[in-house]
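These notes open a run of structures that come right after.
Each of the next two complexes has chain A plus one more chain, namely chain B in the first and chain C in the second.
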Partner chain A sequence: MLTRRTFVTGSVVVASTLSALPAWAAARKDVIVGVRLEPPHLDPTAGAAAAIGEIVYANVFEGLTRIDRNAGVKPALAEKWDISADGKTYVFTLRKGATFHDGAPFTAEAVKFSYDRARAADSVNPQKALFEPIESVDVVDANTVKVTLKRPTGLFLWNMGMPAAVILSPASAADAKTKPIGTGPFKFERWSKGTSLELTRNPNYWGPAIKLDKATFKVIGDSQASFAALMAGDVDAFPIYPAPEVLDQFRADPRFKVVVGNTEGKTIMAMNNGRKPFDDIRVRRAISMAVDRKAVIDGAMYGIAKPIGSHFAPQDPGYVDLTGKYPYDIAKAKALLKEAGVAEGTKMKLVLPPPEYARRSGEIIASQLKKVGIEAEIVPMEWAQWLSDVFKQKNYDLTIISHVEPLDLDIYARDDYYFDYKSQAYRALMAELSVTLDQAKRLELYGKAQTMLADDAVNVFLFLLPKSGVWNAKLKGLWENVPIPCNDLTEVAWED
Partner chain B sequence: MSAAGNEPALSWRPERFASRALRHPSFVAGMAVAAVVALMAALSLVWTPYDPTAIDIPGKLRPPSLEHWLGTDQYGRDTLSMIMRGAVTSIAVSFVAIGIGAGVGVPLGLLAAQQRGGGVDQAIMRVNDFIFAFPALLIAILLRELFGPGTLNAMIAIGVFNVPVFARVAYGAALPLWTRDFVMAARTSGKGPTLITVEHILPNLVGVLIVQATIQLSLGILAEAALSYIGLGVQPPNPSWGRMLNEAQTLMALAPRLALIPGFAIIATVLGLNLLGDGLRDLADPRLARER
Partner chain C sequence: MLDFVLRRLAGLAMTLAAASVVVFLAMEVLPGDPAEVMLGTNARPDTVAALRQQMGLNRPAFDRYVEWTTGMLHGEFGTSYTYSTSVRELVAERVQVSLPLALLALALTTLIAIPVGAIAAARRNSAADLGIMGATQIGISVPNFWFAMLLVLLFSITLRWLPAGGFPGWAAGPWPALRALVLPAVALALPQASILARVMRSSLLETLSDDYVRTARAKGLSAGQALRRHALRNALIPVLTIMGLQFSFLLAGTIIIENVFYLPGLGRLVFQAINQRDVIVVKSVVMLLVASVILVNFVVDLAYAVVDPRLRKRR
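Coming up: the complex of A and B.
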């Protein structure tokens, strides 16, 4: 039997303080959380936007397993599991007494339904690859599910804890985009488009009681407005605060707590590998050398971000430091471009989605590219348009974006992904990785994959997106790091 | 209708105009500011202290010094250079917008006046009212949805906003002219309405149109700054006063000058052009008054 996730010491202290206080001094029971982007809809199994997980993951929807604040895998809707010796069969024992918010019981049927839905041919799951290893999902009895894999899959339990693998009820899954009905501690209450989303406590929650009665997510896209909202107390927390330049102001203010943690946000300048001149490795290498990463980090992120040299977060096991692979070198970059036949003054379209990190880095990189004779035309784009133009239709030269999914090396092996990277060697490596269970061997393969991506200069690897969170100093239990896109409110509580 | 009806209205009398103008305080003040901005813009085309788009991260947020007279911004760009080049942007957008506004609006107004009282007149002026009801901002948002943000779209949006203004001014000023004796005389001599419009009506509108253009110029600069401020106008890396203000917002506590300097540039320019417009109107008014 695996243990339930433990409470942070903070909440334990809160609980004891609370009991000592008279009733009228009871702590607040609601929280208002600021988010930068509004989700396109609320079904994490049907959309790639991180903004979806940032609202519903762990709060409204749960998976069989879950990722905790330290990037570990914990049981959630599965109480425990047994893995066969060959690593191909997982028998999950499900949590008894869990129900969906609409009253439907949580059973093995729901698990089978959710997994089959995700791996179906017409599935719109954004992480369909996570389900690809599944051979079959069988209902053993109401509380037991057997998942058979095609091959041993090292990250299977982790994968099933991702936002894209949460369990939906067969009765309500079709409407999950607008009316998410999960098993989590919060129920979805209402969504005022463009302004806010409200969650309320689920009184029938199977797990440990949460301390909040209500949680509101306020969508504040503008950095200045988010600053004002925090200062005025209109929002209690901005777990991912968009403007690093004002952090010092919050640090100096005792009302606030500033926490700079890690995310899995590998921020890259993606290059359209399928398009000329980026199909030429010399051009990609030249561009990698033309970008002064340090200046980008200092200028756009006020120095609080860590540089990366490949598509891998430094805090994850298996990380190889490749940041020195393409040192900033204008002369060499120019020579390479000349060799590849890229004329001085060549125009490139640098598409920038709305987040500040992208807009700011883009402006700095455009000025750096100018020094090697590339005229980068900045094209700012709204989120929806970016997803359709760049992500789906691959209509771009360069774009800056942060990939927030953890351990997502496999995206480079996907057909038709927006980088259009077609290396067979890399695909073979990913195929090998997916069947490797031995941890040491896996780490070695991670290393190889990172090195290959850096060698091929698939994208310009910029920095790990820092998570600079700002919240009310009396608010406890928010995550410091963001291993997956989420704002887990299950342990959040007010002090005094 | 005044008594001085026989004399064909001339636009300006240069020698008298100059001596009166120099004694008109708001004209002088406005002209001085406009000249400074124009010179600054012209100079920036050939020379700026630094490249206004050159980013120098280690040298960011420097206070004003001998090296950088107005300091540097959050990317280490020279603020003075950006203000200078930003003036070009403002003036260019505003001028093109006036070109669009006057180029379309004046002929429309003249045509409506020529066809006065008829269906064409009504049609033109009512469509005008309709466009007038749309703020430039809405037009800019619409254009962005269609073509994406950019300088050209800002020009078009502000230009469209200028069309009804110029159409109304031309219409209003042309209408009374049609009852004047010199127009009658031209008619009697067999000139068609279009020829009369071109040869007799338009030259008499030059004064009032210049006054209007000066005022629209200041409004255009303000509109460009507003559009760039909300990200619909000039795109980076091209400097624009509006965008400088936007970028300075979150740095207000760190470096207030980053917002104050472009803010001052906008205020001074708009105020200067308004004063200039007021002065021009005052100077032109006695003649216009006599014509009516």
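Coming up: the complex of A and C.
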């Protein structure tokens, strides 16, 4: 007979055994990743939102090449390639045995289809410019594609590794926005709009087997909610954590790992170079000197951002440190403004788009400008209106924005771009760069371009946007940096 | 009664027509372009033009208005620019969260407010009354998102009884879905219940001083009996009015709570759509919300008639 005592002892034993066996006793095979913004749809070849790449890049969709965690270019769906001596012909040897998730084989036809679709007249590819150098795409045989360029293009292999250049199947491309079918290690499973997205393992993946069976992306836009979700264990990782102010709390908690890495986000205060008084280089230099970069980084970014002195990310090869070009100097700034005839109390419109870095930096910079006699009127603006008013119609004096495209020095050579910089010398430099293939020469040109932008004080170069990630300390393999918008889960695993 | 209903229905149709014009024009003058938002900062002008063409944004405004309104009359609300999904489908998904949440919050509000308000009125100036008035004052003043954070800290992070947010969907069974709605419903109900309890109290106090209540007491009913049999029902009219307003608010105005608990509700759908200039979603959802508010008011009017038979006969 079961006595009361044995019963009690028995249940205590059972209970303590149960509590000694945590739920993850067998290494977990799934991960729940928090993302701040929900993607509008899932086709990276038809939308610019970073949130698209953050779900599908490298997980669902792959390109001929791919960008790795250190911003290097690696083979992906192309096993190898041969480049002609004149740099104009690329012959790609494709991966054998790769298939799309719907069973369709990956062939040269799919590559031709995808590239032709991206550069067609009615293309809606957000990065159509990347495909502009392509003269023709020819299928040599099922596993070989020849791409002929109009001119040598230094960044071509990098460009074809971008999210907007992934390969879609002709059979399923039309529905890719809602049913993405790629060649990657994860298949798209379901999307509960407004809440979460689920990917599952693709058993027929051509590449090295992944360690996860399932990945769920949870959309959590609110900073407080993302804090609560991590603390409550509702999500395992927030690779791009939105609120730097609480990072110390996570650092103090052994359950979490806080990793601060880089993005390619050159954060600038753009000046409308085409408008008075910013068409005067003295004014632009004065404003550059009036901004105390360190105070902005400490105040707006909690000190975790790296300063920049030109439009170039410090981690990229070819970087030149120009942060000392315009040291913070109120007296000199005032003198320059006076010389240029900018009266004390001149009003300037400082437009701030929604991201926190812009709003916070803007408040600080406005108060700094006051010290040199500039009245910066802060105009907060939502994203769609910013795109239309500032970016397209150039209706602004100053604005703060982060340019996240990697190696985008060429934007300063564009006609009619929003900061309206019109330097023929710079354009000539970019023209030379785009056809230069020799790496040493390229790096030298990068340096020249950076120096020219800093000399001309085109914009106020503030800092490189940091990426702070918070995740479960037992989770391995997430990227520290984000050279392109993505959450590559192919190497993610739980530690036993 | 039929006349009453018909007149209300005609008014309803006219309000909807007027609302459709206002909503459409508001979206027309809103700066920003869905094609620009979708293609971002690196897009070429010809790409934006191609997408505008694809979305049908180049057609005259009048044509688009007619197409939109006739579509709605046929139950077709268009296709979202950004999601590439029909607006009907998007709304159907969100209503599965917003409607149960609103109902749950309203039920909690009513269950708390009516007895509490009645007790406060019945024991006017007692310690209980003062306590209730104080508590409801706090309930109205506390911002509900802050209260929501406290709830999360206690029940999700410390006690781990309830999820900190998110919505698993009804497919996962009613229990996990309801669990996900408990904290948001409580956070929403607290200020609403505080308002409603105060309305209940003052309305009841007013009826309690009416002649017929005195007559009821004179013919021998106890204070409690007079309150239950005569005063309560008459005091409910202002309470119903407020409840109607509260329900409309709970259906569409819960965006802050939806953000705190990252719930996929209607409020967030509209907010996101405005940011992305997904005008077709904004227009259609706003119209649906206008229609539901009008409908709720209509139901409240009918409820008056149930509570107060005199209103039925009035022309």
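Note that the second predicted complex is superposed on the first by the 386 of 496 C-alpha atoms of A that agree within 3 Å, B and C clash if a C-alpha of one lies under 4 Å from a C-alpha of the other, contacts with A are read in each partner's own complex, and residues count from 1 in each chain.
To be clear about the criterion, a contact is a pair of C-beta atoms (placed from the backbone, for glycine too) under 8 Å apart; a residue touches a chain by one contact, two chains touch by 3 or more.
All figures in this text were calculated on a predicted structure; none of them were measured in a lab.
J.: Thinking of the overlay built on chain A, is A:Pro307 touched by chain B (first), by chain C (second), by both, or by neither?
T.: Neither chain B nor chain C is touched by A:Pro307.
J.: Could you tell me if A:Ser388 is touching chain B, chain C, both of them or neither one (first, second, both, neither)?
T.: In the superposed model, A:Ser388 contacts chain C only, not chain B.
J.: Could you look at A:Ala129 and tell me whether it touches chain B, chain C, both or neither (first, second, both, neither)?
T.: Only chain C is touched by A:Ala129; chain B is not.
J.: May I ask you to decide whether A:Gly161 touches chain B, chain C, both, or neither, giving the answer as first, second, both or neither?
T.: In the superposition, A:Gly161 contacts neither chain B nor chain C.
J.: Which partner does A:Gly47 reach: the first (chain B), the second (chain C), both, or neither?
T.: In the superposition, A:Gly47 contacts chain C only.
J.: Taking the superposition as given, does A:Gln224 touch the first partner, chain B, the second, chain C, both, or neither?
T.: In the superposed model, A:Gln224 contacts both chain B and chain C.
J.: Is A:Val379 in contact with chain B, with chain C, with both, or with neither (first, second, both, neither)?
T.: First partner only, chain B.
J.: Name the contact category of A:Val246: first (chain B only), second (chain C only), both, or neither.
T.: First partner only.
J.: For A:Ala366 in the superposed arrangement: first (chain B), second (chain C), both or neither?
T.: First partner only, chain B.
J.: With both structures superposed, pick whichever of chain B and chain C touches the larger number of chain A residues.
T.: Counting residues of chain A touched by each partner, the higher count goes to C.
J.: Can you list the residues of chain A that touch chain B in one structure and chain C in the other?
T.: After superposing on chain A, chain A residues 224 contact both chain B and chain C.
J.: Could you pull out which chain A residues touch chain B in their complex?
T.: 223-224, 227, 243, 245-246, 249, 292, 294-295, 298-299, 362-364, 366-368, 370, 378-380
J.: Note which residues of chain A are touching chain C in the complex, please.
T.: Those residues of chain A that touch chain C are 38, 40-41, 46-49, 121-129, 177-178, 192-196, 218-222, 224-225, 228-229, 231-232, 234, 382-385, 387-389, 391-392, 403, 405.
J.: Okay, in this complex, where on chain B does chain A touch?
T.: Per the stated touch rule, the residues are 53-55, 57-58, 60, 74-76, 148-149, 231, 235-237, 249-251, 253-254.
J.: Which residues, counting only chain C, touch chain A once they are in their complex?
T.: Listed in rising order, the residues of chain C that touch chain A are 31-34, 36-44, 46-47, 50-51, 53-54, 82-85, 90, 93-94, 149, 152-153, 156-157, 160, 163-167, 169, 259-265, 268-269, 272, 275-278.
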